[in-house]
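Each of the next two complexes has subunit A plus one more chain, namely subunit B in the first and subunit C in the second.
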Partner chain A sequence: MKTTSHVGYFFIVPALVYVLFFGVYPLIYNFILSLKEVTLITYMSGTSPWVGLANYWQTIKDVVFQRTFTNTLLFTSLSLAFQFLIGFFLAILFNRSFPLKGLLQSLIMIPWVLPIIVSGSFFRWFFSDRGMVNGFLLAWDFIDKPIPWITSQKLPIFAVTLANIWLGIPFNFVLLYTGLRAIPIELFESADIDGANWWQRIAFITFPVLRPVIITTLTLGCIFTVKVFDLVWIITQGGPGDVSHLLSTLSYSWAFNKFHFGRASSVLVIMLSLVVSLTVLLNSIRSEGE
Partner chain B sequence: MKRFILTFLVLSLGVAVSIGTVAVAQEKVTITVQDYFDPAGGMAKFIDEMAVEFERNHPEVKINHVYIPFAQLLPTILQQSLTRTVPELTMADNPWVPQLIKAGTYKDITDQVKEWGWENWEDFFKGHRELTSANDRIYAFQITTNNLALFYRKGLLEKAGIANPPETWQELKEQSQKIKEALDIYGFAFCATASEEGTWQFEPFLWSNGGSLLELDQPEAIEALQFLTEMVVAGYTPRDIVNVSGQGDVTQWFMNAEVAMMVNGNWEFGWHLTEDVMQQLGDVAVATLPVPQKGMRPVVPFGGECFGISGNIDPAKFDLAWEFLKILGSSDTMLRANIKHGGLPTRASAAGKILAEKPILKPFLDQAQYALPRPLVGGIDKYPDISSTVWVAVQKALTEMATPEEALKNAASAIREIFSAEEYEMYKNMARELLAEARGK
Partner chain C sequence: MKGRMKQWKWTLVALIPTVIIVFPLYFIAIGGFQTVAEIFHRPPYWFPPRPSWQFYGDALVTLLPYLKNSLIMALGNLALTLLVALPSAFALAKFRLKIGKSTFFLLAFTQMLPATAVIIPLFLIFNRFRLINNYLSAILGIAVFTIPFATIILRAYMQAIPTGLLEAAFIDGASLFRVFRSIVIPLASPAIATAGILTLIMAWGDFIVSLSFLKDRTLQPMSIGLYNFIGQYGVQWNKLMAGSMIFAVPPLIVALLAGKSIVAGLTAGAFKE
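Moving on to the complex of A and B:
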């Protein structure tokens, strides 16, 4: 029987090769790039010089990067908070029965079903100077000239955050709703007998029981949100100027517009560290509870 | 279990052997032609037809025409260069060419061109020759070009009481005002997206006014951006131009009569403004771009694509690849290709003939004579870096985040940091010379 256990290793080879090539190798390669000065020419000829941490230093003191970092934190925290809250209340709402529930439930899933290129293009038009939002506001005389949602300095990052919140609601809703359905109804019934009101039932039953689900939802949401690229790229391309970049779009722009592959990689390494530290933080909260 | 592994190994060996046999059985020489021309478009179809004819004349050859989408082409060439698998004939957008030459992607074809006849090379317009050569060696041919001119809707201008399209910036502004007052639409639009398209549409204004990409803090440059910013702030140009997905979006506004005049390129005749659309609209006309003062020349950047032979080509295939490239670069082929493509030929002999077929191209051809290759007036291989700095500055000024002066001064100092002091001087002077020549001063 001993031989069989060795054969076992043979079967994990494909998966191992896959992970090494498509997971570990790119990560290491990206890290190596971030320590070199890589331009189009040195990249092709393979003569990029090592520069140590110079890329990181230059990146960190760059004002555009600093703003982008703040943007990413703002984008992630606002997105997570609102996606979660709205998803949570929708889950509670849908946990009871009412007419047309099935239909409405599928409507909530729409943002998730649409390809991002469609929803992104829609939002670009939605927020543009002559777009739908301004159209309505002007028609109803709330404003007398268009609000520059995506054509000014301060607003674009909020506009794209709004779009991302809308996109993330179904994900939060589905996970939390599934979690809610798993709570035994007896818990609520005995709470009712003890005279608990709605708020007390949420605070003392739903939240504690849902805790693992909530933390998983937030962790996954955090990972998905920090790495958002397509939505912002379609709506603003990081502009106008460079005011609405996220770490992902900034990295892409440095790599493929400026051909500063080394500095672009350093941004990605920083982004990765951000995701990992946020995930570790959330996980530590989870294990504390257990 | 062992038997299972044995069977698996034997089977995989069998598969490997049979694949090998198939490869040996196929004796044809394959020449791969790689480009981003839309497979449904005129140029791609033309190259396909050319390939069929080439295969008929060379029965031992198989031409493999590969399409890579625009955004993927440069990353693809990068990967291919690393693995030394750049296809025999590789196309690139013209601003990338100096960099690709420097990186060794293209093979030196000077001797072949000499054998073919030097007059063929001299027939190419100067800018295209300079772009595709380095240190007096030739590496590629530009086979099609384009530039920017002023498209206008005659009907809309007439309704606003305007007889002729604007020739100067001042007229452009006055006419836009009239159009806004009479018709309540935008007079003028251009494209200012966060991409090379944004920089490329700013360049005609910058260069016609004598500004340089390498001296953006000078008054000539600031005036140019000031003018465009005033157009947006006054409401003659929609502020949404910073958020369009590309120049094609502006054409949509133009077709919907939301704007009366726009800056756009001749490729539009092969894309949105096809013959049936032109007939339907009925009043589309083109003029050379307005200039700062009467009597000045509009100085525009040129676009278009170049083909060259791969630097890592199998020497046995070189002659065939050159044969194909030579046909692509010949005057007659170029003329036919560009008629189908909606582009402009890059050779004087072909350019002269295309007007008979497409008279509407006249303003573009007039400007093509003095059109500038972007990299040569923008730091050669650092052009992409400079360009992205410029479009950021343009967007900041147009959305009033910064004044044109602040935006361009920041851009200028960022651009200076890209170069060493000597490099900067060299490229700055090079740009100055080319600009002065193009402006006829």
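Moving on to the complex of A and C:
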């Protein structure tokens, strides 16, 4: 539809202004902060000096940052793989009609609708030393003393990853299910006539036809997983002793616990570069297939 | 008859993963009926041995002051989101504007931003304008994510409104605003409901924005009220679980009543085209 007047701009300007003001400007500001020495004192006095790449240099050298970077990669790849597999399995399972399907589908959406403080508190109890997992394992004599799921050096990142896998199931399920519904049933029928078994149908029909949907799901899943904050903050706050940080929680902790805004911003810029490069990588895989 | 039996078999199969996915919610719900000692019983109880409503009552009394704040923020955010998203979705769906493509790209990009990347700079900016500890800071902060989300959902739906219908109204002499108000909004009402529901769920469940911008306890929403239960020395787990359950009821009801539109909205909001 063509609008002859400029009236059309009235409609779009609020959104544009909002995004520029509250999305793009903070991002640029963030980048500027990362090049300055911004602490509580320099911020208050308004005299934050430029320090070039010093924040980045210090961040990269920091052992806590290095562990956090590994954590983020581990958290993202494990979450992504399992969320996707479970979501895919559920999508195939639900791609037929059976009684109560609508109800069960709504129930599967629960991890997405549940406020994060609710699911976060649950997993904090679930994994605590006297919590549910240890409660069952001890009672059934699988272990003699509680496993320190969220109180040791190595395990917390895996505990929060498990919680995040649960959290991401609905999203993967919904996208893959919707994609699956769009495959014409005739494709499967002709495969049946040709005598294809279940695995062959998944491998030679479902996967190739679903390829664009799968790549979109993985791309979005990747972006949404790298930026997870709340869940980890509620379960461990990145602790104990900074062992379970993700880039998001580390930057938050440096900003609001240590008031080291400059270095926090350098972590965010690194995190954003990671998100952008992962997106580009996955998109190039997509265009390769075409 | 045999066909029906076969279909129920699939219900049973699908029930297994569903139960596993729902089980955290079940344990939160029964946790609210138990004493702290019972919650930590070894092995954990599958049913509360001596269920008591007392902790639900306690949690409700403690959380009631936070309820008002949650409502103000969720509704304020909904109003702001729809006010900005509705006209822009219409323009993006139906006008050929020079800045249309770039605006849409910016919206999709903002939606992808990590919350922390927005919150740290916004905190410093809001602090300068004395907006920290003000509902407005939280409403504006949450809207950074709800506005793009709602716009993308609404735009996808409005694209399906026949352009001829709008052009006919123009020929009859209706103004652009009139067309928007009397034709586009009524026709898009199902999508407005979906976008509204998802926006409400997102704002109601918000944690990080409120945690960062609202330090004053009298302004905090229920999510932070619950988080304060954890912060205290010695967590009162039964009260926390009862309170969590109370806080989760509104979105849960919505999910059960409007599960289909949530699925539709999530799909439209996620796929870029």
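To be clear about the criterion, the second predicted complex is superposed on the first by the 276 of 290 C-alpha atoms of A that agree within 3 Å, B and C clash if a C-alpha of one lies under 4 Å from a C-alpha of the other, contacts with A are read in each partner's own complex, and residues count from 1 in each chain.
In the analysis below, a contact is a pair of C-beta atoms (placed from the backbone, for glycine too) under 8 Å apart; a residue touches a chain by one contact, two chains touch by 3 or more.
Source: prediction; values computed, not measured.
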| item | value |
| --- | --- |
| Joint occupancy of subunit A by subunit B and subunit C, clash or fit | clash |
| Partner, of subunit C and subunit B, that touches more residues belonging to subunit A | C |
| Subunit B versus subunit C as contact partner of A:F10, first or second or both or neither | both |
| Touching partner for A:Y43 - first (subunit B), second (subunit C), both, neither | both |
| First, second, both or neither for A:R130, with subunit B first and subunit C second | both |
| First (subunit B), second (subunit C), both or neither touched by A:Q153 | first |
| A:S265 touches, of subunit B and subunit C: first, second, both or neither? | second |
| First, second, both or neither for A:S106, with subunit B first and subunit C second | second |
| Colliding region between subunit B and subunit C, picked from 26-34, 224-232, 242-250 or 260-268 after the shared-chain fit | 224-232 |
| Set of subunit A residues, in rising order, touched by both subunit B and subunit C | 3, 7, 10, 43, 121, 124, 130, 234, 256 |
| Residues of subunit A that touch subunit B when the two form their complex | 3-4, 7, 10, 40-41, 43-46, 121, 124, 128-130, 148, 150-153, 234-243, 253, 256-260 |
| Residue numbers on subunit C that touch subunit A, as the complex places them | 7-11, 13-15, 17-18, 21-22, 24-25, 27-28, 31, 39-44, 83-85, 87-88, 90-92, 94-97, 99-100, 103, 106-107, 109-110, 112-125, 140-141, 143-144, 147-148, 151, 163, 166-167, 176, 180, 201, 204-205, 207-208, 212, 223-224, 226-227, 230, 237, 240-241, 244-245, 247-248, 251-252, 254-256, 259-260, 262-263, 266-267, 270-271 |
| Interface residues, subunit B side, partner subunit A - complex | 1-2, 5, 74-75, 78, 81-82, 99, 102-105, 193-196, 238-240, 242-243, 245, 381, 384-385, 387-388, 392-393, 395-396, 398-402 |
| Subunit A residues within the subunit C interface of the complex | 1-3, 5, 7-12, 14-16, 18-20, 22-27, 29-30, 33, 43, 86, 89-90, 93-94, 96-126, 130-132, 135-136, 138-140, 166, 169-171, 174-175, 177-178, 216, 220, 223, 226-227, 229-230, 233-234, 248-249, 251-252, 255-256, 261, 264-265, 268, 271-272, 275 |
